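The structures come next, written out as structure tokens.
Two complexes are shown next, each including chain A; its partner changes from chain B in the first to chain C in the second.
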Partner chain A sequence: MLHHNVKKAEAISFSEEVTCRHGGETLTACYQCGTCASSCPVARLDSRFNPREILKLALLGEKDEVLSGDAIWLCTSCFNCQERCPQNVEIAELIFALRNIAIEAGNSPNIYADFGGALIADGRIVAISKFVEKKREEFGLPPLKPVGVEDLNKILEATGFTKPEQKEASK
Partner chain B sequence: MEQPKVGVFLSDCGKQLSEILDFDALTNFVKGVPNVALIARGSEFWRGKGLQTIVDAVKTGKINRVVVAESITKVSDVNIAQAVEDAGLNSYLVEVLDIKDHCAWPHRNAPKEATEKAKAMLLSAIERAKLLEPIEKLEFPALKSALVIGGGIGGMQTAVDLADLGFEVNLIEKQPFLGGLAARAGRFFPTDDCAICIQPPSSDVKTITHTSRKCVYRSGLSEIPNLNILTNASVVAVEGVPGNYKVTIEKKPRYVDADKCVACDKCVSVCPVEAPDEYNANLTNRKAIYINVPSVYPQIYTIDEDACKFKDCAKCVSACPTNAIDLDQKPEQVTYNVGSIIVATGFKEFDASAIKEYHYDNYPDVITNLELARMIDSFGPTGGAIVRPSDGKPAKKIVFVQCAGSRDRRYNPYCSGICCMISLKNASLIKEANPDAEVSICYIDIRTTGREHEYYYERARDMGIKFIKGRPTEIYADEEKGKLIVDVEDALLKRFLDLEADLVVLATAMVPPEGTAELAEILDIDLEADGFFKEYNAKLRPTETKQKGIFLCGGATFPKDAPTTSLHAHSAALKAAKFLNSGKIVKDLRTAIINDEYCGDCEFCPVMCPFGAITLEPTTENHFVARVNDLLCEGCGVCVGTCPLNAIELKNSTPNQMAAQIDALLSVNGTSKPLVLAICCQECGHTAVDSSGMAKMEYPANVRIIKVPCAGIVRVNQILEAFKAGAQGVMIVGCKTDGCHYEVGSEKAENKADSAKVLLKEYGIEPERLEMFKMVYIEGAQFAEAAQMMTERVAKLGTLKLMGDS
Partner chain C sequence: MKRFAIFLGCTIPARQPNYELSARKTLEKLDVELVDLDNFTCCCPAPIQSINLESSQAIAAYNICLAEEAGLDIVALCNGCFESLAMANAALKKDKKLKAEINKVLAKVGKEFQGTIEVKHFLQVLIEDIGLKKIQEKVTKPLSSLKVAPFYGCHSLRPSKLLQLDDPERPQIFENLIESLGAEPLEYRNKLKCCGGLLKGISDDTALELAREKLANTNKAGADCISTLCPFCFVALDIGQIQVKGKFQEIYDMPILHYSELLALALGVAPEELALRSHKIKADKVLEKIA
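Entry: the complex of A and B
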């Protein structure tokens, strides 16, 4: 259940911050009907995530709660909600926008840092694990070779991927 | 024409204006203006002794043009015009200017500048008065008859009202029976009585009290001598003008002679063909020859063309004891001449199969509220039992789904307004008959905004109906359980519910019925973006259209409940009666005039005229020229502003008259500031100037006001000419786009301002010297601000240098 105080000035500024973002434009159209929540496969399984609730929190300006928790990282981007929302709220896109804001605020969960680290180090999001190698052997597949990351890293550096916070600050 | 002899009447409004303006200077100034035959000063001229002074001067022939400088021009205008007309001078030869609100008050702290501005205003009024032309009246007979399209409770009540008032009324209904939605809805909120009853005509000799209500079948509708009812009928063509329309109606055959049928039902018992019973939401079948329910109006059987085998069967023909059946009947066309037309075509339920996840088209147990209403009706196909259409078994668990297709940007973005109440009513009726039924309503918001409406919500809760705040995402079938499952989040509990249901009732959106767009085209009236008929003004004229003789009623303009439909019906009848009552139409001929010599072969004005008053007609040399219908022309001048060939003029707003006024307004400055011309529409623009003055808001006296009928009349070259005449800046002040009194005028003016800016640049004039503003009466402060802003802006730009200036 929701127990939040509406902090007016802040509320305006956070929802504005979101609607100014690419993907965040449709936030204020939400009228809390819950179609997205009941469409969402994650929300059924994990009570930490409910798309309707995330939008409500964002609308009420509960910035810290939205950005610091696990919720926004649990979305699988299946777009079920977005297909069905009667107000054409782009819910999945909104969650991307919220994630971007969170990362800029230094709030990315460890797993994303791990993904990023793996990409920089090995050129892969998922590191080659013993388990995978064993499975490949069982299937008669050749072992995975490391890929060259030099060129990739040039791109990652040039685009600011390696230092997301700095990228935002330099804007 | 006689030489103009202008009488100038200067009112000091009980000395308050002479404290600011130098009246002696004004009098001396006016004295020197050619053609001024009389100057009078007084306290007020719009009533009493002052007005008598004007009347006397007119009567003695001393003057033949009247200029009055007054304070409350909007009231005095009418009074003076009437008195002048009564005194024998055409009322259009009067010019009233507001030297208080447009001059003395806003510039009271700069009395010298104000006096100079007053001189310019007086000169402008005198120059205009000299060029004014008398305007005659158009008068022709109007038919005291009407056509009402649609025989629902709206159309029926309008028809009865008009018939009661003595008009000849033709009521046409495209279905074989009258009643519309009400005939199928059973019981109605907020009275909890039957839907299909109306107030009987006062001609009904047995109407005991004036509060009496009667079912349509016993209302005596058919016996009203001046009410002609046609079923199976629709309009195919309309010609003519308001007051005199010729309507062509196509009447589908009924195959049963109304004068012979005695409604004995013998035909039905012999008919071998069954067809789905549309009236009963296809929940059962009926025969090819049928009536909906025994109590319908008219109580005459009809044959379903698509189902009947005609000559291959014809069993009913021999069974009929009165020989009423005629299988050879053909469609007929009839024409009526009527003075006005009332559109009462209602609405229908949205086809919910568009919402794929609700499976309306493939789960028989997903139904709509109208279908449910047929089940609730004890005369209906189930005799009042609530069953699962899939197997006919009693429905114990019933789930309502609100906003099915309403408030949904994918289908209909609007709230249909009545479906919350319909579901509350139907849910309660189910609960009342079967207290054991489990009834739930899934809603986003519950809307119960009428008197007694909230009570339905209260009663429903009291009866144990469950309310779930959430819009279901999907309805699916659980084959094992043999139930439907409604998948919804209860947003208040943040809990996911899979509601089991025997029956799911969709509270569908309400949308315009088929044929609405075609009818709008035939009648030449507009539709809103939602597809319903457009009201001329939603706030003040909800039952009128842009066509003077065509009115709207009931659900045709938007989904409505019965109380609002009744209000609408009576309003439409009153409006139509007011329009036709005197049997004639009288109208001032302040209309647009085409100059045939210049006009030719373009289609701008016919398309642009907001009232459809202009048509193109062929000439003998195979050209086309525009023709203005004087009756339809509202005198806005949008056509004038549109014509690329300057081939149209509006009487008393001609380019010459306007140029003379502008020259005069800019002839005297008297301030150190650059002259700014504000071209204001006579509606919201000019009243915003009034209200700023009335509220004593200040702006500089270099801002000069000219009133035009509508901002849409302004032509690009006029703007250029204003600069040539000495304006350093030009403001165009019109209504808000959506509030324009002439529909498109303000928008057109804005487009023109934009193109004028491009031209100004070409001529080396800074485009910022021109600006369009849109405001309403209450925004006087905005006008004062805009005037100040334009003055400062233009001052910064320095003196305007025109090409050719040295």
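Entry: the complex of A and C
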């Protein structure tokens, strides 16, 4: 039985570290049947990505390989695999948990630094230009309401949100 | 008259006046009142969930709290917004421990998640709050002979355990809504597979390949247009056609119309009132066919 309140990361294996995370709880239910891989729209197009393989590496404690490779970033979050998993492993959410760990360790494609930065600055991940805002009137759309950026930033702080780092050479 | 808080999210106000305009016009024609609330933020979809799941859930809950305070259910137009908010809403209603954790965070901004409202997709409001019968009655310009390929996208349907919109493997509500306008919904290969939108900027080639197969398969099925429910799917398939032309020299000239745009046309809204000029692939072929 796993203990969900284990705190000392150095004393536990990687799979336990994952199961303690939001979204990572179901990892150890995976019995490697491959239903996920055969349901995946990406796996058939890109040999770098195979959800079953990611779960296997996480179960075997291959932390560095999971966190520093390309694979975890290639999931489209379509939830096909999670929908079909006979063990109710929350695969798409497990990939979010793995990405959360990777970002805390400073590994992520540069686009996440853009998303994180925009969220903190504007409370939105896609900026709305003054031009577009002015255009609304022309279309007969009501003016946009203010965004709760201040509250949002307090929530980010209270939940330990780390803005992903921008690296010089893009992946 | 049913009232909803409209949740616009980021991409629709930034890039798709055509979706917002047609959704507002159609809901108004179908006797739904939309309220624009102060302080809604980003819903915190997959790109932010990838950075921090807990922050994302707490911010989704914050947005739900704003609607709870106004005593209104939420209607979301974007699949991403719908999924983030509806998932958080369902999870927090079900899991007391999670609710207590999130409420501890929300207390810092003077909010508390109660679990008193519903988060609905635009499509769901049409089906559950308006109904096919009323839509059929209000159609003044039936889209007869128009062959429409419905594209649900991912986050209207999955994860179905939390979203509960329709059967995730054999959904029917979009097809029924297309039929209610007098048009013919088409079956095609890989209908329920992802548009690739969330891979943009990470693996552009795979993202484009996913869009390309939708274009090829709907074209093969004889579609006059693809109908979408999500701004990301729309962009992937609309602007995607320009990229597919550049990379593969394939020209589909397949108009992409949000369901709200088809609905608006069938309800008698004039095309020039619909911001159709923001489409990269022009909708003229569709307009000619239904004229």
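In this section, the second predicted complex is superposed on the first by the 104 of 171 C-alpha atoms of A that agree within 3 Å, B and C clash if a C-alpha of one lies under 4 Å from a C-alpha of the other, contacts with A are read in each partner's own complex, and residues count from 1 in each chain.
We take it that contacts are C-beta pairs under 8 Å (C-beta built on N, C-alpha and C of every residue); 3 or more make two chains touch, one makes a residue touch a chain.
None of these values were measured; they are calculated from a predicted model.
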Worksheet item: Touch check for A:L152: first (chain B), second (chain C), both, or neither?
Response: second
Worksheet entry | Touched partner set for A:L141, first chain B, second chain C, both or neither | second
Practice prompt. Going by the touch definition up top, name the partner, chain B or chain C, that contacts more of chain A.
Written response: C
Item to complete: State whether A:G117 touches chain B only (first), chain C only (second), both chains, or neither.
Response: neither
Discussion item. Tell me the contact category for A:C33 with respect to chain B and chain C: first, second, both or neither.
Written reply: first
Discussion item. Residue numbers of chain A touching chain B in their complex, please.
Written reply: 1, 29, 31-39, 43-44, 47, 50, 52-53, 84, 86-88
Worksheet, complete the sentence: Contacts from chain B onto chain A in the complex sit at residues 357, 403, 407-410, 444-445, 469-474, 487-494, 496
Practice prompt. Flag every residue of chain A that touches chain C in the complex, lowest number first.
Written response: 21-23, 41-42, 45-46, 73-74, 76-80, 82-83, 90, 92-93, 96-97, 99-100, 103, 108-109, 111-112, 115-116, 119, 123-129, 132, 135-136, 139-142, 144-149, 151-152, 154-156, 158-164
Worksheet item: What part of chain C is in contact with chain A in the complex they form?
Response: 8, 10-11, 13-15, 17, 20-21, 24, 36-42, 44-55, 57-59, 62, 66, 105-106, 108-109, 111, 154-155, 158-160, 168-169, 190, 192-194, 196-199, 201-203, 206, 209-210, 275
